[in-house]
Amino acid sequence: LRNGFPEVVLGQGKQPEQVAAIVCRLAEHSDKVLVTRVDQAMADIVCTEMPDVVYKSLPRLLVLDRSKPIEKIPGILVVTAGTADMPVAEEAAVTAELMNNSVERMYDVGVAGIHRLLGQVENLWRARVIIVVAGMDGALPSVIGGLVSVPVIAVPTSVGYGASFNGLAPLLTMLNSCAAGVGVVNIDNGFGAAVLASRINQSGQ
Amino acid sequence: LRNGFPEVVLGQGKQPEQVAAIVCRLAEHSDKVLVTRVDQAMADIVCTEMPDVVYKSLPRLLVLDRSKPIEKIPGILVVTAGTADMPVAEEAAVTAELMNNSVERMYDVGVAGIHRLLGQVENLWRARVIIVVAGMDGALPSVIGGLVSVPVIAVPTSVGYGASFNGLAPLLTMLNSCAAGVGVVNIDNGFGAAVLASRINQSGQ
Amino acid sequence: LRNGFPEVVLGQGKQPEQVAAIVCRLAEHSDKVLVTRVDQAMADIVCTEMPDVVYKSLPRLLVLDRSKPIEKIPGILVVTAGTADMPVAEEAAVTAELMNNSVERMYDVGVAGIHRLLGQVENLWRARVIIVVAGMDGALPSVIGGLVSVPVIAVPTSVGYGASFNGLAPLLTMLNSCAAGVGVVNIDNGFGAAVLASRINQSGQ
Amino acid sequence: LRNGFPEVVLGQGKQPEQVAAIVCRLAEHSDKVLVTRVDQAMADIVCTEMPDVVYKSLPRLLVLDRSKPIEKIPGILVVTAGTADMPVAEEAAVTAELMNNSVERMYDVGVAGIHRLLGQVENLWRARVIIVVAGMDGALPSVIGGLVSVPVIAVPTSVGYGASFNGLAPLLTMLNSCAAGVGVVNIDNGFGAAVLASRINQSGQ
Amino acid sequence: LRNGFPEVVLGQGKQPEQVAAIVCRLAEHSDKVLVTRVDQAMADIVCTEMPDVVYKSLPRLLVLDRSKPIEKIPGILVVTAGTADMPVAEEAAVTAELMNNSVERMYDVGVAGIHRLLGQVENLWRARVIIVVAGMDGALPSVIGGLVSVPVIAVPTSVGYGASFNGLAPLLTMLNSCAAGVGVVNIDNGFGAAVLASRINQSGQ
Amino acid sequence: LRNGFPEVVLGQGKQPEQVAAIVCRLAEHSDKVLVTRVDQAMADIVCTEMPDVVYKSLPRLLVLDRSKPIEKIPGILVVTAGTADMPVAEEAAVTAELMNNSVERMYDVGVAGIHRLLGQVENLWRARVIIVVAGMDGALPSVIGGLVSVPVIAVPTSVGYGASFNGLAPLLTMLNSCAAGVGVVNIDNGFGAAVLASRINQSGQ
Amino acid sequence: LRNGFPEVVLGQGKQPEQVAAIVCRLAEHSDKVLVTRVDQAMADIVCTEMPDVVYKSLPRLLVLDRSKPIEKIPGILVVTAGTADMPVAEEAAVTAELMNNSVERMYDVGVAGIHRLLGQVENLWRARVIIVVAGMDGALPSVIGGLVSVPVIAVPTSVGYGASFNGLAPLLTMLNSCAAGVGVVNIDNGFGAAVLASRINQSGQ
Amino acid sequence: LRNGFPEVVLGQGKQPEQVAAIVCRLAEHSDKVLVTRVDQAMADIVCTEMPDVVYKSLPRLLVLDRSKPIEKIPGILVVTAGTADMPVAEEAAVTAELMNNSVERMYDVGVAGIHRLLGQVENLWRARVIIVVAGMDGALPSVIGGLVSVPVIAVPTSVGYGASFNGLAPLLTMLNSCAAGVGVVNIDNGFGAAVLASRINQSGQ
């Protein structure tokens, strides 16, 4: 629809050949194609067929970008509680960049070492919208939500074990955030957070 | 903190006298006070103590507003699937209005009668941010998310019975929305949706 | 029992040799045998033993059909929200066909792009019973249930991740459908949906 | 839409005056109005306003029927496991009757006394569609599904205690029925079962 | 403790060498040793060390029995709903036999074909205690509980998919059995059912 | 069916008049009638109609017993962890007595004061079957199961709060008992435990 | 057992007269008796019988303390996230005081206004053990656990609504705390937290 | 922060090379580094890079300890219910030792053979803090909590199957312990239990 918005395919649960075919077809009408949740084996097959597709292994994304470079719109900040949350955070960051936003990153500032976050609070205040990615206790969005007055998008991750129940624990934490103004997306859904953040960041443009 | 933002008290689980005292104290420093989840009995006691506090019975809100009238910022649309979702929708709408936004309403346009929604799609396109309130199947945000390119805030409600499990069903539906760009808040949390919508609507101002 | 109804074996959780033996035995008394939830390895072993058994890899079905061609009864439509729902949809379609129904298909018409469905609404109106297959938010049966006056059978799928909880999310959505007249079957149970649809479609014959 | 189909209101969660007003308004355009999940207090208020509205206390239904008597279409059988399931069963039966179906009843034939059911199996065989209502273990639809070749609609009820978890236990039982051809509706949803049964029963008419 | 009762080891979650060592040690003081939940790889290692240990692959049991043959006590009947429930049923049967009970078997008599069970009801009446093994809907113990006046031990199995939630569905069914006199053990716990049945069967001896 | 076995009615969810009528009818053919889960209001109405019906308020049972006194069969012991478990324990004990068993009681011997139980271990050893009633952690059956070699019936109760989730916690504890030979019934189901215990106790008679 | 440790009764689920009798009996052997989870009606009856029993209405405790005043052991700090968590916090504080600890309080310092907590961090550092009471997101223990090196006891409360699921959300948060050294007790269990804190505080004395 | 406290890395979910790099970096500033949840493959890679790192395969820990030997502080006892709980228990014990505590062990004393525990009760009484590790029914902390007056830390494990739901059953048991003074950590979280125990054991030093 909108300029800057890539065609998006959910790679998980599809055959590599099927994905390669879909990407080829989409590339005829769109100068940007994004495939999410792609493992190395699928990436190898698609990239062989389409050599200008790039695989980002950390966020497990396949990116085709034939668009002309334009100036990106600043305003999105992606924050993580731990280093293990980085794959989801990068899924969000790369998706948002592909939608013509420039993205700041602030990683590994979880609440168990609150000084790490407080030492960079000025960076929080520069953002127009903040994506907060956290697993385990999922407590970070509540703290950040209280420090800023811009929209906060909370992304629970499946990082953790036992009673994290694959991300259920941080999901519930975030839905019950004692800081108002927090919107929550699905567990590990960096992609969805980025689309929402981009809509907010480009709102009124 | 921010101009236009009321002090907010969660009424539920507090004693009426306790709430009256808190409102009195807050009113000394703030020209707007909001109390959420207030029943008629609590409202009666607080309004006796503070005659310029107004009780809105549908959204169960107590509102004190001594601020000077200023021009509201347009852009927020509140949509419901059914008429039973109106209390939550009004909690959102009144809260957003108190935060200096003007609010449009589009009620009872659930997906089982899709023509009701499609007949008003132009109204969807005028909004800068849309709050969608739905119980039971919680399907409405997925349809609206596909019709617009602005941020959508989904509010699941406890309207329903049996396997709705007090709002769990629409909550899960919304978290799994096949339309990207949807942020979810807690079950029945019209207040939280309004804060997020207001932050988005006033973003960049 | 009934003419046109195949003997059905649940392949999952059985040894390939065990399935081969059961198929052989059933084939002595029945001209149609169906095995569901069969992977390629099991299929290879069974097909080696019984060369006229056919393996359909997308719906993971083994089909033995030695019956005389008869005219199929029209009336069943199978609809999916996404392309990833196709294996379950095909399990339903192939099963229904084996039960002497002719089956129409309408795939990838999920609610996030509602125009895709509305553009084919005439096809919905031609059906006597509609099977709707959807994962993630599971919203499609609610929309279709409001557009038609025939029975709708909803099949939740395990397509999705995170808070879809392997199909729990669309299952709950469908049980809480705001459109009345929707019957739900187990997650990924295309087979069961087809049996129910066939009973409805052949009702009164 | 369709002749014979009443306008339907969910009474639960609405104010009695609100319901009275809705019924009045609907009665202007429709000769049949149905309100479900109505307690005695609400019924008294509505019946005072609208003297030709009838309250059925067992199924907790308000019925307005000004239609001309026509011949009902036979074919629907409603079965219960216990006597405590009768309110839900009657919600189904009365709704189906209002939709111009004639309805047979077979109550208190739960599987713990299997001879009660087997002694009336001829009645099962006369039906064109069977609604089976059961709480606690929810086992009855599996037995009936194996005895007939017509569609079975299973309605779990909240009858039971402890690990029935308000109807979750029979709901799961029914979704996992080892008899194919069973469609399930929400817990205690006699109304929805009737709509589906009526669509099946009048299919092809 | 008691004569006839083997030493029992839970194989699952242990190293094969660890299990071999434990069996060796136990065999010094006991003429019977049983290891449950053993896969083929573990069995091979243990049987190499202890050549008179026997592996039963269907119930995944390792059995060492150096006891003198004595007359078994009749009275235990093991029943299954489907063929896929046989591994759990055999775990129960072999365990009970090792405890000096003779065991009858009645397999694949699930409630969706109720005549299969009713045709053998005399065999039910000969038992002193009945173990009923069922997955999916778990309905069989309710029917059997109503046909006999001896204790019934219900064993839910993880056979099934989707909303069976790995055996949760039949577990809840059995706990809510509308037939009184049914005791339930853990999902797939054929071993525990056998111990309970043996205690009942040998009660008073 | 069997001599000594009363006709049993589940009082909960029925109208008092309905129960009175059912008891009257049953009393024509049976010299014993039992109604479970009866509150004082229902009891008053039934006892007015049927003066020889006795209400036991602790276990909330209505008992009609016109049978000739016979010698009771000893062997059943009912044990509780706490005093709050006594209503469920008495439901079991009174039911078992009505079925012609004599019943021993050992109350308030929970595992947090293990000496209380160990001081009476001889009483455990005299029983032929033991019913163990416990809420909260539900740990008592595991300890008792290790001390005896007779069948143990575990009854979880809804005594507790918070993460006991109305009896789910002790239910799961009991299903996972590390002592084999424990059969579990529904939460608060003293009645069901008694029927099972009576069948075991009278087994072989 | 230990000096300073009161006899404790769980009031909830008992009859007032029963509680009065238990308190009387315990008071014969102990100079301290504590009853938890007591409502006003129960308190009135007990206090009439035992005039030196004191009712604390906020924590809903009945306290009998006839012990000689001794010097309390300092070291326990009780912290809450919100004012609505105060009843549970006071249950902990009063219990700990009765066990001869002196208790500091720091209330309403939830993470959404992190400066409130950070402004009093010196008070955190003075404690030997900290009880942290929080509902909704339950995030506070994670922040405090990172600021101190003493044991932290986390108490989830049922304060909240919707997806807090009566305290499940903060319970899971606390179990998954990204700060190590946090022990969790049951939802709303201020009493249990106090016993644990007292054991820690008096450890080595 | 504190002397004796190692730097800790969660190995699970990271790449081996990533872990090796983190360990190298941490070793520059700390004389102790601990990595938890490490499999053999990751251990091999890290140990090749850092030859003085030691891999403990049972608790799956990587340990670097270049500190000078100092006298350990006695007081921590680690207890398990079964042998299958030993990996979690050793994770706790090794972690606590690395934090300068000396640790006693008492393994395989589960409640189904209560004499095993009671025979060693003197060892319980010597401890200053006790870590109790148990899966399946998780009953052991309730018994131990009643035998001692020191703090008890309960660690549920994922040992078990079926209705243990990967450790949920013992987790709930422990949260509902009828013995007060028990703090619970996450499922399989031996590490967290050790940190809490060490804080308690070194409290006041």
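Labels A, B, C, D, E, F, G and H are assigned to the chains in the order they are written; within every chain, residues are numbered from 1.
Note that in this section a residue touches a chain if its C-beta (ideal position, glycine included) is under 8 Å from a C-beta of that chain, and two chains touch if they have at least 3 such contacts.
Computed from a predicted model, the values in this text were never measured in an experiment.
A count of C-beta contacts for the chain pairs B-C and E-H puts B-C on top.
Chain F has its Cα centroid 27 Å from the Cα centroid of chain E. Chain A and chain C, compared by their mean Cα positions, are separated by 35 Å. Rounded to whole angstrom units, the spacing between the C-alpha centres of chain C and chain H is 50.
Shown for chain G are the residues that touch two or more other chains, namely 162-164, 168, 171, 175-176, 186-187. Contact annotation for chain pairs lists A-B, A-C, A-G, A-H, B-C, B-D, B-G, C-D, C-E, D-E, D-F, E-F, E-H, F-G, F-H, G-H, with touch applied as defined. Against chain A, the residues of chain H that register as touching in their complex are 10, 12-14, 37, 156, 158, 166-168, 171, 186-189. Per the touch definition, chain H reaches chain F in the complex via residues 81-82, 110-114, 118, 136-139, 142-143, 145-147, 160, 162-165, 168-170, 172-179. Those residues of chain D that touch chain F in the complex are listed here as 83-84, 159, 161-164.
Chain contact summary for the complex, chain F toward chain E: residues 1-2, 5, 8, 128-129, 149-151, 153, 171, 175-176, 180-187, 191-192, 195-196, 198-200, 203-204.
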